[in-house]
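Each remark here refers to the structure printed beneath this line.
As written, the chains take the letters A, B, C and D, and residue 1 is the first residue of each chain.
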Amino acid sequence: MALNRLFRRRRTSGGGRDVPDLWLKCPACEAQIYKKDLEANLMVCPECGYHFRMSAENRVRLLADENSFAQTSGAVRPVDALHFSDTAPYQERLERYQQKTGKSDAIYGGSCTIGGVPAMLFVMDYDFAGGSMGSVVGEELTRGAEQAASEGRAFVTVSSSGGARMQEAALSLMQMAKTTMALDRLWEKRLPYVSIMADPTTGGVTASFAALGDVVLAEPGALIGFAGPRVIKQTIRQDLPEGFQRSEFLLQKGMLDQVVKRQDLKETLARILRLLHPEGGRDGA
Amino acid sequence: MALEFEQPILELEARIRELNEYAEEKGVDLGDEIELLQRKLDSLQKEVFSGLSRWQRVQLARAPGRPTTLDVLQTIFEDFTELHGDRAFADDPAIVAGIARFAGRSVAVAGHQKGKTTKDNIHRNFGMPHPEGYRKAMRMMDLADRFSMPFISLIDTPGAYPGISAEERGQAWVIAQSIQRMGRLRVPAIAVILGEGGSGGALAIGVGNRVLIMENAWYSVISPESCAAILWHDASQAERAADALRLTARDLKELGVVDEIVKEPAGGAHRDPQASMRELSKTISATLEELSGMNPDELLQDRYRRFRGMGAFDSG
Amino acid sequence: MALNRLFRRRRTSGGGRDVPDLWLKCPACEAQIYKKDLEANLMVCPECGYHFRMSAENRVRLLADENSFAQTSGAVRPVDALHFSDTAPYQERLERYQQKTGKSDAIYGGSCTIGGVPAMLFVMDYDFAGGSMGSVVGEELTRGAEQAASEGRAFVTVSSSGGARMQEAALSLMQMAKTTMALDRLWEKRLPYVSIMADPTTGGVTASFAALGDVVLAEPGALIGFAGPRVIKQTIRQDLPEGFQRSEFLLQKGMLDQVVKRQDLKETLARILRLLHPEGGRDGA
Amino acid sequence: MALEFEQPILELEARIRELNEYAEEKGVDLGDEIELLQRKLDSLQKEVFSGLSRWQRVQLARAPGRPTTLDVLQTIFEDFTELHGDRAFADDPAIVAGIARFAGRSVAVAGHQKGKTTKDNIHRNFGMPHPEGYRKAMRMMDLADRFSMPFISLIDTPGAYPGISAEERGQAWVIAQSIQRMGRLRVPAIAVILGEGGSGGALAIGVGNRVLIMENAWYSVISPESCAAILWHDASQAERAADALRLTARDLKELGVVDEIVKEPAGGAHRDPQASMRELSKTISATLEELSGMNPDELLQDRYRRFRGMGAFDSG
């Protein structure tokens, strides 16, 4: 696959201002990087390998086989069932995020093939309310898992989320149970589920569907955990150890199957799906 | 240790007690005065407890003397036999678990345990489990399935412990696993929110066919204090957060998150633990009865349908 | 149950010498105990609660309901299939142990009721080759589990063993798999298995059937583990922490359900069996 | 690094190599001399390797250069994808595990891993797993069942690690669980003893429908050294212990403990790793073929029957 072609389209996310930032500073090595070079390199710092966040659309382009993706997300739209208001009404916030991302909520997904294997692929959008999971994210993922089960597809999620969405309160919490239980539809049909954790994957997303992949992959350096580092620091009243809650740490702690560089992600994912999906020769002779 | 809004009631009660004692001691008749005060007390109680704010209910849910999981297991269950350990790393005192008899039939149980004293609370980590606690709960779910016993969980936690030790042993993973395991039970599963239902740490053992809640318990995606700290950078806005989060039993019933509210005595369960546990016992009993007609596949489907329907969105 | 009556019969084990030792010194508190007092107290030091070892026959008397026990063990006898010889031929050793204990091998068991619940109860005899598990112990336990399954009985084992029997080499090792897999016969019938660990329970016995009770109980102060303390000391070349590998340590480490004093063992076991066995009201209304 | 009894052979081989080089360099004809030496080498090899003592085979099983689990997974399997972690405490490098393709079909695999260098060996803890390693292996068994893939284990361990860290995280428990889990597989299970089969730490992943063993591998309830230390209080009696324990491939075949011996090249697998792995591949392939006709229930029964029959006793 020609990875270079992935980024031909200009990124539309990034919001209101239209001043073109041609250069970026890498937060890890502080190198000045020409933005187009970064994009051509899958948003990975060419100097040090630091993985920048990547838009949901580009993730899909990276992982789905060319021209195979058909979006299914977007049919349901969020509502402010609790009339939640903090410094701004939830309804207003929703509209702002929708304008900014062009999505109805923090998830983007649909059907595709990956390395030839039929799949449902869902990517969380961190730009929409920190990728938080409310009713719509839960419903989209559930429908995705159900569709995968009924059509014999593998299920793949890419998480990038601060956790459950506070503004939907108990309804957000329930999405943890809902998405987790939806995975059993795949289980019944012996279809594989691969969970990919990108930076960050925390809270109620890690503690539900994201942790439960038959195979769980993570990108290098991603922040992954249940409680956020700030909360933990408050609890224990001391600084956190270097590298704590990063992918590499969690790999050592036995929580991840592999930490995979973005450049290798498609190939690794495709290989796993081919091994675990019936059409990839799983039951072949 | 009384809550602020309980104060006037407690004072009035104390005065009635004093008068009664005085009357008895001195042999004088203070019947009229006492009756008057008693009536005043009744109306004061009504006033205070009928108009409880969400934040006041949160405080009742945390009140010392409120029945804990162990109280419930030792009171309305018979032959409670505590079983320890996760068979992998440790026994977590923040979750108690075991087998027991309820209304004549064997059941498996697990619940968060808070301490009654400071020392006990430290031992119990204030009811905030480590991964080991949830693994112990999952062992009980395994036992429940293996021996066709209903599984009953008792929820009373500010949340799963947010510390290094818990993170490095996979707190998120174990909560997800526990949600999944409970969802897969092939026996009746009942979750009871006894006091505090703090986020994923509560939900981990909250995947019941029916979810019951004590009248003054709360259940939320985040505690009011943490919510306030995030939204207004000010934990003292917890009262406002409690309202925004709609975290009381009645709110949750309206949202479809819980199925049944267990009435507490006026003033909260801690004012009459025995009565409130009797009430809970009746509700669990009726709920078990209701579920007993379903076979394992039906129970699975019923549970999936229950949680599948959660959420509010516009499919227009 | 009248516990005192349990020990009316004189202990026959203890072997050749017939000089009556009327007094014993408690290894824990060093108190001088009159032997009859110790026996009347279930071989528990009246001063400090130290649990002495107890013969297999007395174990059965302690746990089985009165007059309910019918021995089934003893039908198979050990052979020296490998012609194993160290400082003495295995065959000779076997004969010596048989004389000493009056048993054909290191296990004693049969059918009984416990608190009214029908059960198969098997007790390891530490006096026979350190309670080690060879082919006969494996076969007896396997038959016991199979009989329990076919007759709808609970299965109860009391372990006291140094592990697999070296003199039967690979055949002993295989008993770990055999006994473990026999437990699945109970699993299929939804019958409970309670494992009780007495001092000591180590090696291949802990690492097979003994660890796998639906409920695992241990007596206070029992040495329990995989590797023996001497081996561990050699490996790590430092002293072992106080209390390491004792019941109370393992309870903390999450490996045991309860540590139960011998005085309470029958009652606790009976309660558990009644809760888990169908005849104890498990499926009752 | 050569073994003592290999020494004369290696020397002779070196001399033949030298003569060949000399002949080529100088253009002289040493054909006769070389042929003579070659014949001497052949008969020496025959003499040494046909009469190997049990203790010598134990040394061959430990020889540096012998194929390890990773060598096998990367050579005779395709698309080997290592999967890490036990989802509870750590990833244990003493066991490698994953999914792969064998003869065109997907399989799940797990095996003990020794290091090739001292540093690597320390990292791998000399192939002695902690409980985490066995939990990782059990995850692969779960995957195998879930996706109807055969499970293949590769055994090469002096034993499960006998240290405090392993004991306090339940070494005995996890070995028992792993034996049980493997016994319950509803897919074909093949165990291969690659090098050392040390006791319960080997058996934990040894519950196959078929158990294969490399010609010079050993499998025993205890290592010869430990056995000698216990019986004669003298580890140097290991040779005697090896004989008493009957721990070689041929012994075990006679005892019915293994089903098939995989031939190694003369001198042992480390003298020609590629050839020995090809041989192993053929045997695994034939064994898989043989098991492929059984349905899940038959596989379960077959495995039970296999281990149910183990042992020698007199039922007279």
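Throughout what follows, a contact is a pair of C-beta atoms (placed from the backbone, for glycine too) under 8 Å apart; a residue touches a chain by one contact, two chains touch by 3 or more.
Given the structure is predicted, the values throughout are model-derived calculations rather than measurements.
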Farthest CA centroid from chain D: chain B
Distance between the CA centroids of chain B and chain C (whole Å) is 41
Note: chain C sits from chain A at a C-alpha centroid distance in Å of 53
Taking each chain's mean CA coordinate, chain C and chain D are separated, in whole Å, by 34
Listed in rising order, chain A residues that touch 2 or more other chains are 253-255
For chain D, residue numbers touching 2 or more other chains are 87-89, 135, 169-170, 173, 177
Contact graph of the chains (line, ring, star, complete, other): other
Pairwise touch list, complete, is A-B, A-D, B-C, B-D, C-D
So, in the complex, the side of chain B touching chain C is made of residues 79, 81-92, 99-101, 104-106, 132, 135-136, 143, 146-149, 292
So, in the complex, the side of chain A touching chain D is made of residues 187, 190, 192, 214-215, 251-258, 268, 271-272, 274-276, 280-285
In the complex, the residues of chain C that touch chain D are 75-79, 81-82, 84-87, 134-136, 138-139, 142, 164-166, 168-178, 180-184, 202-204, 206-212, 224-227, 231-232, 235-236, 240-241, 244-245, 249, 253-255
The chain B residues in contact with chain D across the complex are 87-89, 131, 135, 169-170, 173-174, 177
Note: in the complex, chain B contacts chain A through residues 160-164, 166-173, 175-177, 179-180, 183-184, 199-200, 203-204, 206-207, 219-222, 226-227, 230-232, 244-247, 251-252, 255, 257, 303-304, 307-308, 310-316
